[in-house]
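Next up: some structures, all given as structure tokens.
One chain, subunit A, links the two complexes that follow: it is found with subunit B in the first and with subunit C in the second.
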Partner chain A sequence: MVIDTRVCVGCSACVYACKSENAVPEGYCRDWVVQETKGNFPKLTMENRSERCQHCENAPCVTYCPTRASHYAEDGTVQINRSLCTGCKACLAACPYDARYIHPDGFADKCSLCHHRIEQGLKTACVSVCPTGSLHLVDFNDPDEEAQKLMAGRIVYRQKEHAGTGPSLFWISASNKPGA
Partner chain B sequence: MTATAATEIISTKINPNVVPHLHIWEWQIPLYLFLGGMAGGLLVITSIMIVLKRKFGIGPKDAGEGCPCLAIRIGSALSPILLAVGMIFLFLDLAHPLYVWAFYTTVQPTSPMSAGSWILVAFFPLAVLQAMLVNKRQLRTFDVGIVHKVLDWTEGHMTIVALVNAHIGVGIGIYTGILLSFFSARPLWSSSILGMLFLVSGISAAAALMLLLAPEEEKPIYSMIDANAIWIELVTVGLFVLGGLTGSANSSGAMMHLIGGNAVMAGIPYAYWFWGLFVGAGLLVPLLLEFLEAAGVHIKYPNVAPIMVLTGGMLLRFLIVFAGQSYHTFM
Partner chain C sequence: MDHWQNFSRRDFIKISSLFLAGSAAMSSSAGQAFSGLGQSGSDENSDRIVYSFCEHCFWRCGIAAHVRDGKVYKIVGSEHHPLSQGKLCPRGTGGIGLLYDPDRLQHPLIRETKGGKQYYRKASWDEATGMVAEKLYGIHEKYGPGAIAMLHHGFGVSFFKQMFSQIGVNKFAKPSYDLCCGPARQASVLTYGYPSGTPEGFDIKNSKYMIFFGTHFGENMHNTAVQEISEGIRRGAKIAVFDPRFSTIAGKAEHWLPIKPGTDIAMMQGLMHVLISENLYDRSFVQHHTVGFGELWDSVRKMTPEKVAEITEIPADAIRTVAREFAFNAPAAFVHSGRRTNWYGDALQRIRAIHILNALVGNFKMPGGVVNFDKFVLKKPKTAHAHPPYEKSVYSRYPFFPDDEPSNTIASHEIVQQAISGEIKALMIYGVNLPETMTLGRETAIEALRKVDFMVAVDVLPAEVTGYADVVLPECTYLERYDALDAGRNFRTPFVALRQPAVPPMYESKPGNQIAKMITDKWGMHGVFPASVEAGLDKTLKMTGSSLEEIKKTGVIVRPETDLYRKPGVALNLKTPSGKIELASSRLRAAGFDAVPRYTPQPEAPAGFYRMLTGRKPMLTFGRTANNRFLGDVATAKENEVWVNTETAAKHDLNNDEYVHLKNQAGVVSEFPVKVKVTQRIRPDAVFMVHGFGHTAAKMTWAYKRGASHNQLISRTDIDPAMGSVGFQNNFVTFIKEA
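After this line comes the complex of A and B, so read on.
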């Protein structure tokens, strides 16, 4: 996924779309919106961004899972097999992004990158609802020209890359905005 | 002076037990780690005593018919019992306990929790066998066919059983620390010395328990073992603290969170718990008491020192588990 924070207005539509699409229980969220303000008044810059599981290439949650419940799907995303999850919570402790939670029904849960929708050729709920086109679904196994063009020449970052997790979410920094 | 740029972050993340900080493991896990460490320690101490026999003058006395003295018999039996109790707490912590079987349909070499769940199973047969062998005289009085058979097969091999058990005991003790120290996302836990710390703390707690339970004439041995274990534990605690403080911003920040910050556990800052109750009342004072006793000073309440050691050992697990969760993730 490539997330263009230049156009994110922090409306939380992605959060609500996810909640309804994935029946996320009340009081929980699989994705969330972060507003980061930097600098000293009056020189302030702000970045809004939508965050979720990073679907790491070297995911500590998968490494640590004792039962294979957390695993890599064929497409490279990190998925959870609920019928193997004991709710031991090791994956919650292992995730440097705090992307997971324990579902009230007793299993670890998180963003599945709308696995069930992608299988049908659809986009994820958050991407399909984003009103400003901030969220872009990219197949990093085969990145298309549009994604390359989106990131080329811009300041793009990944979160906590130095944790060695190989996160698959890329943010186009708000500092690319004119005047930032 | 130029003002440094401030950063303010507002997030809509609301997940309970994750925000504002991780709070996934409560009293069950530290209690399990304490009981597991003590079970490992008991197995180490009793096994080594059995292997040593009376060599070096510290092995168990023979209480007749090849059975070691009372303390070894109690300690050998308590080891699997305490671990079983600890595993009940571990089980209670699972969000979906009915799926506990899932641990035993796979071996995940990269997951310490998977390795641990198998070590726990491997522990029981030999630990229970050792408990049976040292208590064989009492067991034979029940006159159960299968028990007689097991004892007949194995009673000639007690030394070998104990030798293997000494290693399994060390494995269990270290594993209780490794369980936490492999989480690189949690800076306080991410210290490889945690395995050693929990091992020596487990051995010291086990020695303290043996000291409480042993008959009067056997007490000096366990007092000596405990004093030595406390010494080693003090050094290990020192290395753990120094390793954290001299580490990266993640490690030093997390260590300060434990030993010097304003964060609290049950209303009292971690620093007071750590320095006052764990290092002071759980290590230094009992070490002094046991030293004085060994030097011949009459201590009016000899049970005070081992009780302080046991309380300190349990407190250490609570402190590490809670402080490790309440500090922010790896940055």
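After this line comes the complex of A and C, so read on.
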């Protein structure tokens, strides 16, 4: 995904759309919104961003899962096989992004990148709902033009790259000048 | 009748016992609709998709409700509806939280007194509507139609208006006029000769420069506007925000100008001064299409940036910069009139000043400027029943109250006052939670509710207002009913939208169209409404060349885009007295008001107190969503916080996340404590809290005691003398630390 924080208003439409699409139990969520303000009155800057599992190329949750419940799917996303999951929480401890929770029914749960929708040619619930068009689902396996177009010439970052996880979420920084 | 003796006749009743037994049983199964057991994924093919429109705010976006096994399991934005374009804000998705709210009203209730104690008993629809029909008719016979009034909020009210027309009652008020859209509407009438609409008439999509005064898009999730502003940011449009608080939109802005609250008109005058004195205004447009330029210049001649800087606490250079950038980007630039910005008693003049700024740069009906979107023209079948003539078409005593809005003939605070004075004997309250709505504050609202001889509440939830009713009629939610057709939104592509049920009404709740019909039937007035609501809709749609069957497929009929822009050399022919844009309003002058806006200082905070500002969270619409567990189930939605500047917090020894009580200038102490948010994002002389929290109705089990009520802390209101809107920001609070 490429997430354009220049336009995100932090409304949480993505969070609620995910909750109803994926029947996420009360008290939990698979995606969430961070609002970060820097500086001192009146010189302030703000970034809003929608966060979720980063579907890492080198995912610690997969490495440390003792039962192979956490695994890479064919499309490169990180998925959880619920029937193999014992709810041991090794993945929760391993994930540097705090993207997982233990479902009340006893298994680890997180963003699946709406694989059931993608299989049907649909976009994820969060991408579909977003009123600001901040969220972009791109296929990095393709020599994809859309991703390049979105990011070219702009300040783009990934989170905790130093952890060596190879996260698949790219953020267009809110610090980009208007029209960049 | 001595009303004083009657004062405490109607005690507040907590809707209880009977009602609870049912709801407890329902809550576990209803809760599953959104709490789920993790059956991840939907099979789009097995879903039934019902296209309708949302009721969580006045924007009324198109929705697609996905139904499976008789339950709405998700709601997404309708791809067919021009206002949603497949997208939706959190509240739209959150419709399931209202539909499956375990606290919903389930049966009609009637107030009883036994052994000096008041309680509600469950009643049949026949008995409850019979009592409403009898009481309303009796009061109408005894005191005349002017003794009955209706306060309403929500699209479903049309049936009750039609019901009341049968006995000549048309004293109707919508609090949103007083609090939100009224001044913008009337300022537009006085300046341009037509009322402003929803979405507001700004060509955001093509704009290069947008100025916002305190209106906070991104926290107001007005779907289409937010979509277009986001597109503007991507295009490189610049934004300037005047707001005492670093709002979300301020976070997107090139310039955030933390203006001193209450000084907006001075700032607008300063901007006008720069535009005129630096010759940046559109001289030719002003000459040909406006009147009153000389008078305007006289009124702002002395409002130099330096003088305005002293008043507003914004540096003179910043004022010049914004004015110059505005002019440079014009006509693809605008100052937005905002929404719900009635803070002081001067809202009409404040929004007039915004329109004047726009007129000065000649952005009227230009790409990226001010435009006038069209509505879908819906032909309506003649009503079979002629109703008795109304006593008046307007009951408000404010000279610039609209005279062309049959659903809004008096300000809601005037209804409150007439209820207290005894002029109004009976009230129907449709979807307005009066004690928590900013119409003269909580105490006054409760006094009015206690005073009237008869009150009937039509509502979905056991909100505070229902506890004061003699009869409570449980309406089903917007997801369970048909309503009138929505042709009331103005847009680039005019449209008419259908509200249709996704699922049948739960419990014993009924749609408004049936409730109103039952009451007219009790009056012996048959044939007021069509045999069925579907038949009525179909008849109307056939006059437009469509049908109910056809519109049900997509929920909307959309007309092609209209031409929004003016042509060079063509007169505007506006419906103002001069036919031109009135920089100086001849109508205001004739009625004894200032023809051009003038800044007047607002009272300052007492020592140790801070001006109380208000607004909203993007996932909530005040009372509408207060009890919505689905929407409440995200950390930032659970309660309201009081925002306090770091410096101010240090003075009062306040820590972040600490709970305090607030006390206002009149000594009112918040019933519940509120969490402190220590932040750099607000001026040191003001605090901010989201409205719609701190509920006292125990049967709204989610909302009860959650956060603090902003409404409770309003002891002073300032009413616009020209058009009757209510300002409430001359209230000041201080902090009481928990012992």
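Following the convention adopted for this analysis, the second predicted complex is superposed on the first by the 175 of 180 C-alpha atoms of A that agree within 3 Å, B and C clash if a C-alpha of one lies under 4 Å from a C-alpha of the other, contacts with A are read in each partner's own complex, and residues count from 1 in each chain.
Just so we're on the same page, a residue touches a chain if its C-beta (ideal position, glycine included) is under 8 Å from a C-beta of that chain, and two chains touch if they have at least 3 such contacts.
Because the structure is predicted, anything quoted here is derived from the model rather than measured.
When the two structures are aligned on the shared chain, A:His116 is found in touch with subunit C, with no touch to subunit B. Contacts of A:Gly153 after superposition: neither subunit B nor subunit C is touched. After overlaying the two complexes on the shared chain, residue contacts for A:Val15 are found with subunit B and with subunit C alike.
Once chain A of one complex is fitted onto chain A of the other, the partner contacts of A:Cys29 extend to both subunit B and subunit C. With both structures placed on the common chain, the touch criterion links A:Cys85 to subunit B but leaves subunit C unconnected. Shared interface residues of subunit A, touching subunit B in one complex and subunit C in the other, are 12, 15, 27, 29, 32-33, 35, 37, 39-40, 105.
If you check the complex, the residues on subunit A that touch subunit C are 4, 6-7, 9-13, 15-17, 19-27, 29, 32-33, 35, 37, 39-42, 44-48, 82, 103, 105, 109, 112, 116-117, 120, 122, 125, 128-134, 174, 178-180. Remark: subunit C residues 31, 34-42, 44, 73-77, 86-90, 93-94, 96, 217-219, 221, 223, 226-227, 230-231, 233-238, 246, 248-252, 254, 256, 258, 618-619, 629-631, 633-634, 636-637, 645-646, 679-684 touch subunit A in the complex.
By the touch rule above, subunit A contacts subunit B in their complex via residues 12, 15, 27-29, 32-40, 51, 60, 63-69, 83-90, 92-98, 100-102, 105-108, 160, 163-164. Put simply, subunit B touches subunit A in their complex at residues 3, 5-19, 22, 24-25, 93-97, 99-100, 102-103, 105-106, 108, 110-114, 116-117, 182-186, 325, 329-331.
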